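Take a look at the structures listed below.
Note that chain A is present in both complexes that follow, paired respectively with chain B and with chain C.
So, the complex of A and B:
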């Protein structure tokens, strides 16, 4: 591989890998607190993209119940310039966060209260995913939407430079994705590592019973976790929608599954693990040779399978001690 | 009767087929292994049958065997899935709980991507025009294949539960370490349970390929894994009737809700949420619970009597 190709793959891999990372962080946060995998996370990812789309465009042409509805007759206040789009992205992610909170209240909390089998929580979260994806289809149609990919003001590459006789191109959107992901990781790392809220969250993750004895409202912190998880998932949805220019009801399914590969690769429940896992899988996919690009979607799962066999606790996970 | 079969025959056969797939996940679960690999083996079994029944390479074999070709496809699917089950099962069964579930999801996804890209599996279009088994004229006649298979598997499962192997499965499910300490080799039995499930899913796939007439990569997906898991958990995971009842009911629900038109898939999701909330033991478990209350989980605590020693403090 030439140096220019190498660099191009590296940059593409870092951009997509950082989206995987923030998406997977949402999974891993919920897993570290509740010990379950929230399969509705992929659906929240899709919702994030749709909320942003609604805020920016405000009308739906596809065949759904909302066909012909126009939310902003004078044009959306959140479109037109990159800053407005950034605000719409943020608001979309916040709404996705509230949806995740709602999911917790309706599907997970009643189950916890009954002390039900964690496997049932899995089925329940899948039921929720089914409801969300089909509601989207009903309301705004099953077709794929053209996402405003020029939302950040320019379609031309932000950076392009020549190495040898090839041009390496970095798209604006890729830089934004990478920067936003890094910023999210820094903020999250600070909140969880340094603040009182983070300390309480870690206590709940360690042992809900003990945390509750120490005066921590476990239910409240679970809600906070779900909000953060939904926020990160929704944000990732908009970022991916913007990067690829499309969004559809089944848009989150692949990401939902790849997110699983990411968190297992890094170590279930580990926050740095999700970041490392996301970057590893993003880079591995970017380096799949063009001749084998049809197999790209299998890369994450092949890595997942291998890591489970070699090091089941993941790259950065802690070894669990088997209790007798 | 003819009208009824013409209208509901396909659904009834699909319900039985779903019950069988539920059972294929139930066997590993018996030994405490949450494996979501069933759709993978189902897809492989279907591809084996579809290739044997349509590929020009086997034309001579088909000519000489005639209808005997169909049992051969079942046998081939069972053998191939059994071997594949061994190859995947031995390394994968070192994993526990959610890790095994994730590894089997990865297995299903890898199979899906590979079958989408191979020439022999027909790529994205898949294989179509699969001849009908034994020259069946109507779809409902497949009940003559799936029905006996279901009865056979139920008898097998019933016998298995009462056998030494079945007791070993249960011992491993309840406590793997304790079972190991008592001289029950967990790995051997876990692999056995996994392979039984794989073989069953493979045979169901081989029977389904002619039933559906076409076979493609959509047959074995993550969605199918979850649907089958839901069959078992909603039906009841501790009784052989659970997967059968769950598979039949959850297959019928979207059909029964047909009058809701576009809303039925939304309602289907709600059914999963509500059922997992209110029927933690599954439907069969709940029905059993009415007749016979479950034994208390913990022995009643014995009051600790502290004998006073000596005189007054």
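So, the complex of A and C:
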């Protein structure tokens, strides 16, 4: 492989891997608090992209109940320049966060209150995911939606530089994805590691009973966790949608599965693990030989399988010690 | 015993009654109304509806109107099978126009073949479709006939083209069939196929394929996929700096691709089985109506769906002239309709067409168009001489 292609693949892999990482962090946060996988996370990812699309475009042309609706006949105020688009992305992610809170109230809390098996909560979240996906299809149709390129305004052209006789080009949107993901990871790392909220979250994750005795409202922090998880999922949805288009209501299914691979690879419940796992899978996909790139999803899961054979707890996970 | 005999008699009578041909005469249309294939299916629905309106206004079948019964065949095989089964067993249609994808045709057409219901594929262009069975025909010229025209036209526009990259959706039967034709034609034209890349119709990230294409230093990229993935691939090709010519396969042959690749659609060359400039009277009426309603020229998928309904109606008219449709048993009529479809000659928006004994379309004229975008949202197919 030539140096230019190597570098191009590396940059492509880092961009997509960083989205996998922030998406997977949503899974990890919920898992570390409740010890269960929230299967509705992929649907929240999809919703995030649709929320931003609604704020930026507000027009639905495909085969859904909203066909023909135009929320902004004069053009959206959240479109046309990068800052307006960033604001729409942020608001979209916040709404996605509130949807995740709603999911917690409807699908997880009732189960927890009855002391139900965690497996039931998992099935319940799967049901919520299917309802959301079908609701999206009913409302806006099943077709792909694209953010119009003028929605970001006049963004700088893609980064490009020459290596030998080849030009390496990185799309502007890839740079934005990478930068936003890094910023989110830094903020989240700070919140979890350095703030009181973060300490409380870690306490709840370690032992809900003890945290409750220390005066921490466990239910409140579970809601905060779900909000953060939904926010990260929704943000990842918009970032991917901006780069590649919002590919219909089932858009989040593949990313949902890949997010699972990321957190298992990185180590269940490990925040640094989710980041490393995301980057490893993104890079692995980018380096699949181009002739076989149609199989890149299979390659990601094959890599997961191989690594788990060698290190069952994942790359940065801790071995569970069973006390007898 | 007497009661049992009566029950059996009533059941048989009811069954016989159900097997009569209904009026208005029901013709099934099983195309994609949802899924990413709906980008193509929506155009087919419009084309079929135009045919229904126009042909009924002209007296339908000897004074009896037709009624199109739509079923959503979506973009997958199971949905197409369900649509076919509903149309055959519940809606008692005389024939079916559909499904949208070749991939679906290979799964759903055998259902119609077993039930002896004639099928006209409106956009099934893969190799082997009419050979699925005696009741299967198509109004969509096979890709092996249409696609080579695009490469010849690209070479006419840029005679310096030497190296080619071919990309195709490996999970779509039509795309895998079409790419074979493109590769053979490229080699036959003396071009060097520098790289062949695969993707999936469900993919969104094509950066790996695009990087390999850029690295191969090609002058022409040929994409066989569907509108959503193909359009996205074109967008990423251009955004990552590819400047050469692009040929799109039949799956990209829809104005619904414009919102996907936006201004990056500009310049894509696509071979066509239809041109709005086709001079037949049937086409001129179709084009006039379409322009009046949609303020643009009709696309190929709409024209083919129109032709599918028209062929079925004209074949039914020929039968009706010999023996009134209302007197036929449904199963017998379906068999007779199949024979009549293959025997007739039709003046459709696609021009004059007829069928060989397998149900393969025999069509005279083909065209090549190039996409010209006015802005990020609106564009048109400009037909090349």
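Going forward, the second predicted complex is superposed on the first by the 313 of 324 C-alpha atoms of A that agree within 3 Å, B and C clash if a C-alpha of one lies under 4 Å from a C-alpha of the other, contacts with A are read in each partner's own complex, and residues count from 1 in each chain.
Here is the rule we go by: a residue touches a chain if its C-beta (ideal position, glycine included) is under 8 Å from a C-beta of that chain, and two chains touch if they have at least 3 such contacts.
Just so it is clear, the model here is predicted, and its values are computed rather than measured.
Engineer: Based on the superposed arrangement, let me know which partner A:128 touches: chain B (first), chain C (second), both, or neither?
Structural biologist: first
Engineer: Which holds for A:164: it touches chain B only (first), chain C only (second), both, or neither?
Structural biologist: Neither partner.
Engineer: Thinking of the overlay built on chain A, is A:111 touched by chain B (first), by chain C (second), by both, or by neither?
Structural biologist: first
Engineer: Applying the touch criterion given at the start, work out whether A:294 contacts chain B, chain C, both or neither, answering first, second, both or neither.
Structural biologist: both
Engineer: After the superposition on A, what does A:146 contact: first (chain B), second (chain C), both or neither?
Structural biologist: A:146: touches chain C, not chain B.
Engineer: By the touch definition at the top of the document, which applies to A:77: first (chain B), second (chain C), both, or neither?
Structural biologist: In the superposed model, A:77 contacts neither chain B nor chain C.
Engineer: State whether A:12 touches chain B only (first), chain C only (second), both chains, or neither.
Structural biologist: In the superposed model, A:12 contacts chain C only, not chain B.
Engineer: Applying the document's definition of touch, where does A:264 land relative to chain B and chain C: first, second, both, or neither?
Structural biologist: In the superposition, A:264 touches chain B alone.
Engineer: I'd like to know which partner A:305 touches here: chain B for first, chain C for second, both or neither.
Structural biologist: First partner only, chain B.
Engineer: Following superposition on chain A, which residues of chain A contact chain B and also contact chain C?
Structural biologist: Shared contact residues on chain A (touching chain B in one complex, chain C in the other): 137, 294.
Engineer: Report the residues of chain B in contact with chain A in the complex, numbered from low to high.
Structural biologist: Touching chain A from chain B are residues 34, 91-92, 94-95, 98-99, 102-103, 105-107, 109-110, 113-114, 116-117, 177, 222, 226, 229-230, 233-234, 262-263, 265-266, 268-273, 276-277, 280.
Engineer: Can you name the residues of chain A that touch chain B in the complex?
Structural biologist: 37, 39, 106-107, 110-111, 114, 116-117, 119-124, 126-132, 134-135, 137-138, 253, 257, 260-261, 264, 268, 294-295, 297-298, 301-302, 304-305, 308-309, 312, 322, 324
Engineer: Spell out the part of chain A that touches chain C in their complex, as residue ranges.
Structural biologist: 2, 4-5, 8-9, 12, 16, 61-63, 137, 141-146, 148-150, 158, 160, 166-167, 169, 171, 173-174, 240, 243-245, 247-248, 251, 254, 285-286, 288, 290-294, 296
Engineer: State the interface residues of chain C toward chain A in the complex, per the touch definition above.
Structural biologist: 33-36, 38-39, 42, 74, 170-171, 195-200, 202-205, 207-209, 211-212, 214-215, 228, 232, 235-236, 239-241, 259-260, 262-263, 376-377
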